[in-house]
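Everything on this sheet refers to the single structure shown next.
Just so it is clear, A, B, C and D label the chains in written order, and each chain counts residues from 1 on its own.
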């Protein structure tokens, strides 16, 4: 009996999904290379570019596809089953296009006019220092965790400055900086998702003109410079759900892959001490069933929200704060479920699963790390939603 | 911020749902009466009858509505939030119509010709003894757990006999018996779902003609006597998913109600020893958030399957064994999630939640009991799905 | 194989334990009566009095035994296995003697001179109002949750007043009041531990002289009026651990009983639908094993602490704040483990476990309710210990 | 407030413990080297040898100490807090002495006469093939997972042959083979416990004389060749508990270390996006508290059993099958608790915990891997104990 995490027979029932599906075998074949190079292999980026994956959320006027989240999400799940790191980093590169499409028209042209396939990486926590100067800021800082930066020609970098939208209070802004303005410092030596190449970008006193700067709050309230610059329905909304939807999709994709690997391996596994066939024992198959149910529930949760926030965008009404909180925190919960599903199976996979040549240990590490991102952190998500459900003001412990 | 367990603003967006929604306040007002009478109050059955609830799965030729599971399910969730016992028992009474619609045309006419609002209760485990006689069987037995029996005029009762479909092996059959042929023994003294009135039906050597007998396997394989007797699309499928879909819907409905009650109570709760306001502490609101996420995931799982098995029926192709297993075992998992969500909140509700005048203790008992049914038992579900996923033969530990 | 929750063959290896063990069968035989009367049956109190149980922590000069917590604790576990409500209420009555022994010598004589078997119930949350008058206070209030009050001739009642130990800040004090000064209001209608008779004591403007008043902080710091009035080693310590040690012991005792009941029932249980023997399926016996391990761990935790705080008292050095926090919060964790152990088994006990004549449902309700007391509340315990471990100041969310 | 996992102030209250405690700083300083060399560093083995650690279970006539398990266990916990891999492998080397002391007197002399500090590694699953020849067997095989083999001069290797104790049924036997008879194949490339050097031993048709062969069942029943050859009380018992007691002790030691590291790091941790101090948020300190409680419970469980099986040995009565099962399966449960305690904290430690220079990720990997050993596998433990508790025969799914 096959592993299925959704009622529909297959994810890849869309044209977009089908094109991505064709390159999955080659991406899967590079999974060792990704871990070794500690970045997404060039061949994977090329394959996904050819498949049109990076076009998903790019405005049509620059050659993009403007697909909905319910079309895009399953593709990220599929890629993650082939190579989690590739899905994580490439997903971000694709998702950033949605954010860029809300920024100034001038910036969009700068990025995509000459090269409509240009990619943008990010480091959005406000780690930089922006000194106000005439016509913009001078930016400096060490911007860490920039997944996929090796394949990007621009970077979205966070810093704090007073934001008129909130009466001049300090708030996160993003400076979008061309590749020539930053160096990549390779400090990506980690225990999971090794192939994302999430290195540190070094910026030393670089001028960023105002049209390349956006307020985070502006991007969440329809007040960004380029809001309305693209007619596509998917751009009439907040950036956050589109920007961040990949993390949980990757987590579910890894979990689905683990279900398959576990099923294969446990069927033939015997205990060294007794010769017993593990796969015929109740705990072995009950763990599989429970993880299967859990991954289905995680996928059902995400799937419902992908449709909901796409539909909301199409309605051309901005989401409410409640919707924002549900969509955001449901993702952290889905990630938590997917991680638990993998861990339940890995727990019962024995010592041989720990050898480096066994993909189980890598999938387990990758899976766990999908929960380490701020966006996936369930303590943050639960605090934020919980306070809101009881009518308490948001506090700094939230996101 | 309001409690919502689905992306859509409200469940009751269908005509069917709206009609049911109108009687919910009166059902809710009888929740104490239901517990006291240990059966569904007559007024509740009358209200649901007037709302058309029992017509959901009845064939149109007898005045039924033939709505899809995705229309019916949310209504059961809604009723369960008002009164769990009413939803459990009334749900079964409504769901049985789908099963009857697959049985002999003669039987359908016997039940509904004179009274198109006639209801049928059941006790489907093969607890009876059927002695073969000319033209049928003579049936005897004590048939327990017949929820809602006080409101039914017929009963579906299980017994074993050789089944030609499986080469004459002993298999469960159902005898459908009129009210005059059985006595109701009131032994319904329990610790949860007190209002379901799931009493024992006593049958003493009653003749059941062949047209009132169906094979369970026949009902799962399109081989029952009345398969095709009704043209409606929802009848071109297995009976089990429609018969049993209420259990998990009730569990989710209770959980949603508990989220609301907890939100209300915790906001004003203070600790007796310190005077501290509990509702502003992180564990109090994080428990609420996690239970909220979990109930959403449970609902998303059920909702996806309600659509899937309705769509399958409409396609007029019988479900595969895989689909049967997914739909069936997902329900047990959703129930498990809903119970955990309630228990997480009740755990932190303090001693005052235990007084009989506090609905929390009742909701918690009702919630837990939704998992005690064979269909909801997660050990059974996980064993059955797990064995299937690994290609092992079904064994008796399963369902 | 027998159920054992401690490495030693039997608990009752002490003279104290053996005397208690002899009356357990008669206590167990009254378990239905306790639930029906909603208080500890008179016969149970008489039996425990004859066994010397209430003498455990009473000073020797009044005929007490002054046994250590490591001798007393196992006896409470044993009683709880026979009747949880009896153990809860009788335990408190016995434990209160330790607190009284730290109070004014005059009070001790008032209570025990005429009747050395006099028992004292309590309601220690500061629910009362004490108006200062010459030589004491005038006390009024509704004091709820006074377990075992029907069997006591005095009551310990909480109220707030300025405490010189903390520079006159408002702090909890206890007024000890004779039976003639309060009425018992029977409002004990609850969903668990029904037999504890934890009713409300009504006090209407009663004069309490100063020698019958103690500061809670004084009792935690060796500054109470009668500290040193008894020479026994067990009285050279804080009152709290001795006062409150029964709650977790009861929880573990219920859990041990559930292990036994489950083992008996599951061995012969068959599934109604399939006739399968449940007791030979892996989930059934693995749940038993895990709950068994968990109850052992809970008992090992308590047992280590009973020895530790008795040994500390014998050393005649007052416990540190760290030790207080460990001993207090470990009990909440042990209770949490015991409740989980019971719930895991009840979850898989099927519908028949829910009938009122089946003790499983009562044990499950009693078990869960042991966690509802402020002292057992794990959110409080975790917050308090957690803050302390990180060097944060105690806050009102704690105890 | 300091982290303490036992009521006593410190573990190292024994002379044995104090000597080991002195070398812990140097062992801790080599933790990176251990991971890099993928074996226990020579300096660590030398330090532990000087401290007398390997003498714990060696017979006094060869210069051993014959300490009890309650003295030895805490030392392993302490070493594991310094370096998990060192504790795992060195623990096994020390524990093997107990097994050797039950084997033929001739073998004991061969091993220890010339070098009383000689160490023995093992690979006890019956992976080899032993061809019977005159006076012994000819042994061949690939014996994997031989922790600490680089530091040993003998190896205990498993194979199957008919065992007269069980009427000639095939059963595991151990061949003890000198270093000259096997090659070490370095295939130790794993994701956790990298420093244990658990490589594969290659044996090619080597003669093993009968006095170097023992039946596993013999070692569990007082029927081994050297039973009684040493007068020490700790040798009048089964080998298994002493052989295998290190695994769970290592797991608890890692967990205690993680509690300390987490406490340190979380106190100063700030969120990149908001600047919020994580250590002052409730989920951060409540996770710490719960893991602390859980590790205490795990330690209390082990500690009670260490005392129990040492006391049993001193009583010179062989353990019962029940005791064997409790001691064995409690260890798996304690390991499970310790792993959960670490995982709960790592889950909330954020992305920075994943960098290779952060010990958290190593501790988390090491912790998880302690559960992957057959002896620690909780599915095996629960099945075995559970079947026994219900009186079912042992099956191959157990150990």
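Basically, a residue touches a chain if its C-beta (ideal position, glycine included) is under 8 Å from a C-beta of that chain, and two chains touch if they have at least 3 such contacts.
Given the structure is predicted, the values throughout are model-derived calculations rather than measurements.
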Could you run down the chains that neighbour chain A and chain B together? C, D
If you take the mean of the Cα atoms for each chain, which one ends up farthest from chain A? C
Chain centre separation in whole Å, for chain C relative to chain B (CA means): 41
Between chain C and chain A, distance of the C-alpha-averaged centres to the nearest whole Å: 51
Among the residues of chain B, which are close enough to touch at least two other chains? 281-284, 286, 378-379, 382-383, 397
In the complex, the residues of chain C that touch chain B are 125-127, 145, 172, 189-192, 271-276, 281, 283-284, 343, 346-351, 353-357, 361-362, 365, 368-369, 371-374, 377-380, 382-383, 396-399
For the complex, which residues does chain B have touching chain D? 281-283, 286
List of chain B residues in touch with chain A within their complex: 1-4, 6-8, 263, 266-267, 279-280, 282, 284-290, 292-294, 296-298, 300-301, 303-305, 307-308, 322, 325-326, 329-330, 333-334, 337, 378-379, 381-392, 397
